[in-house]
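Notes to accompany the following structure.
Lettered A, B, C and D in written order, each chain numbered from 1.
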Amino acid sequence: MAILVDQTIRLVVQGVTGREGEFHTRQTLDYGTPVVAGVTPGKGGQFACEGRVPVFDTVQEAVAATGANTSVMYVPAPFAPDAIIEAADAGLGLIVCITEGIPVHEMIRVKAYLDLKGVRLIGPNSPGLLTPGQAKVGIMPGHITMPGPVGVVSRSGTLTYEIVSALTARGIGQTTCVGIGGDPIIGTRFVEVLALFEADPETQAVVLIGEIGGNDEEAAARFIAERMTKPVVAFIAGRTAPPGKRMGHAGAIIEGGTGTAAEKIAALEAAGVRVAEHPEQIARLVEEELG
Amino acid sequence: MAILVDQTIRLVVQGVTGREGEFHTRQTLDYGTPVVAGVTPGKGGQFACEGRVPVFDTVQEAVAATGANTSVMYVPAPFAPDAIIEAADAGLGLIVCITEGIPVHEMIRVKAYLDLKGVRLIGPNSPGLLTPGQAKVGIMPGHITMPGPVGVVSRSGTLTYEIVSALTARGIGQTTCVGIGGDPIIGTRFVEVLALFEADPETQAVVLIGEIGGNDEEAAARFIAERMTKPVVAFIAGRTAPPGKRMGHAGAIIEGGTGTAAEKIAALEAAGVRVAEHPEQIARLVEEELG
Amino acid sequence: MKLHEYQSQRIFAQYGIPVQEGEVATTPQEARALAEQIGCPVVIKAQVLVGGRGKAGGIQWAQTPQEAEAIAARILSLQIKGLPVRKVLVTRAADIRQEIYLGIGVDRAAACPVMMASAEGGVDIEEVARTSPEAIRKVRVDPFVGLRDYQTRYLAKSIGLSPSLHRDFGRIAQGLYRSFVECDASLAEINPLVVTSAGTLLALDAKIVLDDNGLFRHPDLAQLRDIDEETPSERAAREAGLSFVQLDGHIGCMVNGAGLAMATMDLIRHFGGMPANFLDIGGGARAERVAAALRLILADPRVKAILINIFGGITRCDEVARGIVSVLDEVRPDLPIVARLVGTNEAEGRAILERSGYRILTATTLAEAAQKAVAAAQSS
Amino acid sequence: MKLHEYQSQRIFAQYGIPVQEGEVATTPQEARALAEQIGCPVVIKAQVLVGGRGKAGGIQWAQTPQEAEAIAARILSLQIKGLPVRKVLVTRAADIRQEIYLGIGVDRAAACPVMMASAEGGVDIEEVARTSPEAIRKVRVDPFVGLRDYQTRYLAKSIGLSPSLHRDFGRIAQGLYRSFVECDASLAEINPLVVTSAGTLLALDAKIVLDDNGLFRHPDLAQLRDIDEETPSERAAREAGLSFVQLDGHIGCMVNGAGLAMATMDLIRHFGGMPANFLDIGGGARAERVAAALRLILADPRVKAILINIFGGITRCDEVARGIVSVLDEVRPDLPIVARLVGTNEAEGRAILERSGYRILTATTLAEAAQKAVAAAQSS
């Protein structure tokens, strides 16, 4: 078991012939995940990744020809909203958007459309997700993961690798690692992923990796207190960030006393969550929770 | 039993203080239908119809104060789209729009929004609907109806009165009479109303009143052939209309050989529907069907 | 409301659609001057609000300004489907390699815009739809997210357009969609959209039909109405808020509601008469509008009898009666009038007619009213 | 990207919002001339991209042109939250009867715009939100159907605005909403929106924050960036596509990913050091961007050690290493550098660093890297 993706995946890569798209598609293939199709408008009929991936002009053609059921996209920001809607209209049930830099008003419309269609989106500005040994979707390095009992969910990219890598180094494997993305408007939020982990019989504990800005961690804390039976260990990046400064991506800004690390940590601890002081502490806390 | 409206109705009238709104609200009250509230922005706190109807500024206030469950609106076309969305956002499950002249692009957006919210709209450009002896919503004259076993559904306004009146004169009563409206984009179409009549245990036969233009009658014919067990009698206005001419409202135009009365009549007859040659013939055909 | 080609073309140009620009002439001399200015060969096209002008000889090439003058004179003397040609558009002639069709309208059943493209452009698209519907490719447009680029790529590919033109095709399709929505149009069409011998896309024709219900928020577009293309009675009807269509018969009809009006006409035919018009006074007509309607009927010299059929719901019979009497008071026509007033305030309405003292035939049922009107027309 | 008040005001005016128009002065003399032209009393307002300028003395009335000159001189010599005031806005003074707040931002959890209004305008709205949240009325806007008139009526009524002003309030709210969406803003705010003694509504302040991700489709708005308000390093960072925030410490940081960068800074503090900056090179940085980042760190004279922490996913360690070496080749800095490169192409990356011959400290874990950097900074 796992959440969102498993060995039944048949992946289509939108933007497969771009530099990043092709690079990460090769890594995905090398991980053993079936990339059954790629899409690049105007390049239908070609092959990407040394002939391993047939390219189509539209997602609809790719789905019809290959039975793809999940899309991952490396499409530049100006074209990504259209690409997401194209994937949804083609009937895919899960769309993973790696692209960063999509305007927030575009994402508001895209998310409303996907909600209407009942399609799940992970991202944008997400590293993707990975079920060790079963499916790698996106850019998370496969070799830092291993199968096991811990679900990981994170707003961050590389910080997730750091923590997953430390878990693996300590011999603690993962059910699924999910990067929900760092933008203000994202397809899937902490609470939804926590609910999936709670329902997944193989997941025994969850690691939540948050950061300053927004109030998604506070919502997660409420959900954990009210609905979760499994232990959750958390880390919040940005404890020492000065208020009023924008720290990198849109998710990480503190303004007017809301969204600080201190508030988030307090909310999580009040919900019974153990919060690590630095990333490398997480693996030890998880070990304790797993007993 | 009946469809869409019955004695549980609690009606709010949007545009209650306008000339048409107040006139027809009086007639609705006189028919015995509880008009629990009216809405006119800026006139909250006043009373309409000789003190019988309290007026509110917003639908939300009206619903909160009176428990209204259905809205009927006499709002001028430029303001009607907003009024429909207001009613939907206020949680009403059935909205009946009498207003004519709403731009088609507005209705496309409004209908998509209502579909998203799961709210049923009758109209626009509809005479409303009436369940004899139970509820009158809109402008259909109450005295031409009587309770009985026949469901009536129509794209037309006054032509419906003509036919219902003839039914009543012959002693054939109605379960519910529904005017779905004459515009190209309407909230509820023939097929949906036919399905409701098919499911209604009291309805024993259905009268369908169509006209030239569009292909809603053809869709109804397919539905009748495939899904209906109850007899349907139909009338199509515009047999002698010259092609290429716009005949009144947007629904009634024949262009390029589609949407003619001959095609509609052929489709209905192929589905086993008896089609009357003129309106006054209908009552006799219904009588035969009811045995 | 239909727009002329030259009007539609200007709108399309505002939305970035490449059009073959031209100028309008109302005389052969103007056409010659334009041909000189633009440079021959030119195409001269009748500007008239009906289809089929090509077959009627309304579109012709001219190789010289002299020829342009002669051709313009010929076209300006044409009547196409009964409408006199009063204007011609003079444009540069294009080298055409391929003609396609691109249009957008409203899909009533799906309640959304639908964009259509076909490799068979330049011909009657309704004919194509009838004989080879598979040649027309369609995409439904979600009103909330608009026409998507992937949809335009699909259209371009499925009609076999060269890949090098897909991007330009997409821009044109987006422009067409935006013009359609922003102008409150019920139809916007480019037929043909051509690939020129230089390998570029060019809109060679332009057609926009505006939604009359949307005109109130586009005063600039409402001004484009060409009153030359209306008969005086059509104009009077429009200004009075009446739906009116002139027909060939002898029985003038005034009805409330389009469906009932058509049913009334059907019944007149059923009983052997011929309606002189379709006339719907609409819902909730006041006396003034009723009076305007009656004057419109009386203005037609072919009318031998009048049938007034009102089934009052939102329309009140007393208002109708007041409108009728006000006209009779001023005109005193010598025509048989059959009036059937039932529904809202019918007693008051009948009382007003009776009190007026005019001889007006009454009827209870629609069939009775139609029969009386047919009989009256035959005997007068 | 924040816009100045005067820039936001001009945008609001384009959307039909009544604003108190004014002109910008950069010298006291210009302010005096503007005061003469506009007519006293005038208000002189510091144009600076931080909040709290009122409390800092950045907004003052002048009764005469002479006084305007003196006040402008005073304001133009201020530093507000560390930013020097370089421009003032001179506007006509308004007679204020009531001050309200009207703003629109993005509700992340609901994933839609949210419009907010409060009867308590002219004050710090975040303070109001904290102390009396019930005083702020909110409506969520469906992105597909937009702000509805009934919602603006609700806001107007719920903040106790006189009914006679509801229609104008609705127009202003609609203009604010449209400006917010069409400019790709993340915030648009009028604080205060005042009722004047003449009983009309007037926007006395204007604030727009643009979504940086949306700027690519608004070249006109992107040009409004005030480069005077950026430090040279902020500007260099922006032009290189780097997320950079200058801080006060001694350890220069270069990290890929905002979360990891913050965690790295947290860990430096945890081990007793002070980060000199936040610097996220973003995803998939090429060697050139890495080089720009390193140059930016080296330009800060306070930096005593550098910590490079890269966990490669979309970013490739070989590209990072190439970027580092290219700068070292040209600058040859005399600073200890700790580089931790793990993840995608980490072996190639490490090999490039080793081959370069420069002495670069390496580390396996983040904690180890942070500790080495702190130690190096303390000993250098």
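Keep this in mind: a residue touches a chain if its C-beta (ideal position, glycine included) is under 8 Å from a C-beta of that chain, and two chains touch if they have at least 3 such contacts.
For clarity, every value in this text was computed on a predicted model and none was experimentally measured.
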* To do: Show which chains lie in contact with subunit C and also with subunit D.
  => A, B
* Which chains are shared contacts of subunit A and subunit B? -> C, D
* Structure fact -> When A-D and A-C are ranked by contacting C-beta pairs, first place goes to A-D
* Could you please state the distance in Å, as a whole number, between where the Cα atoms of subunit B are centred and where those of subunit C are centred? => 27
* Using the average of all C-alpha atoms in each chain as its centre, how far is it in Å between subunit B and subunit D? -> 54
* Name the residues of subunit B that each touch 2 or more other chains. => 109, 112, 116
* **Multi-partner residues of subunit D (at least 2 other chains)** => 142-144
* **subunit A residues touching subunit C - in the complex, by the definition given at the top** => 41-42, 57-60, 79, 82-83, 85-86, 89, 109-110, 112-113, 116
* Of all residues in subunit D, those that touch subunit A in their complex -> 106, 108-109, 111-113, 126, 129-130, 142-144, 181, 184, 186, 211-214, 216-217, 243, 245, 247, 255-263, 265-267, 269-270, 275, 278, 280, 282-284, 310-316, 342-344, 365-367
* Touching residues (chain side subunit D, partner subunit B) in the complex -> 142, 144-145, 148-150, 153-154, 157, 163, 166
* To do: Could you please specify the touching residues of subunit B with respect to subunit C in the complex?
  => 20, 23-24, 27, 77-78, 98, 100-109, 111-112, 127, 139-141, 144, 154-162, 165-166, 182, 184-185, 189, 209, 211-212, 214-216, 219, 235, 237-242, 245-252, 255-257, 277-280
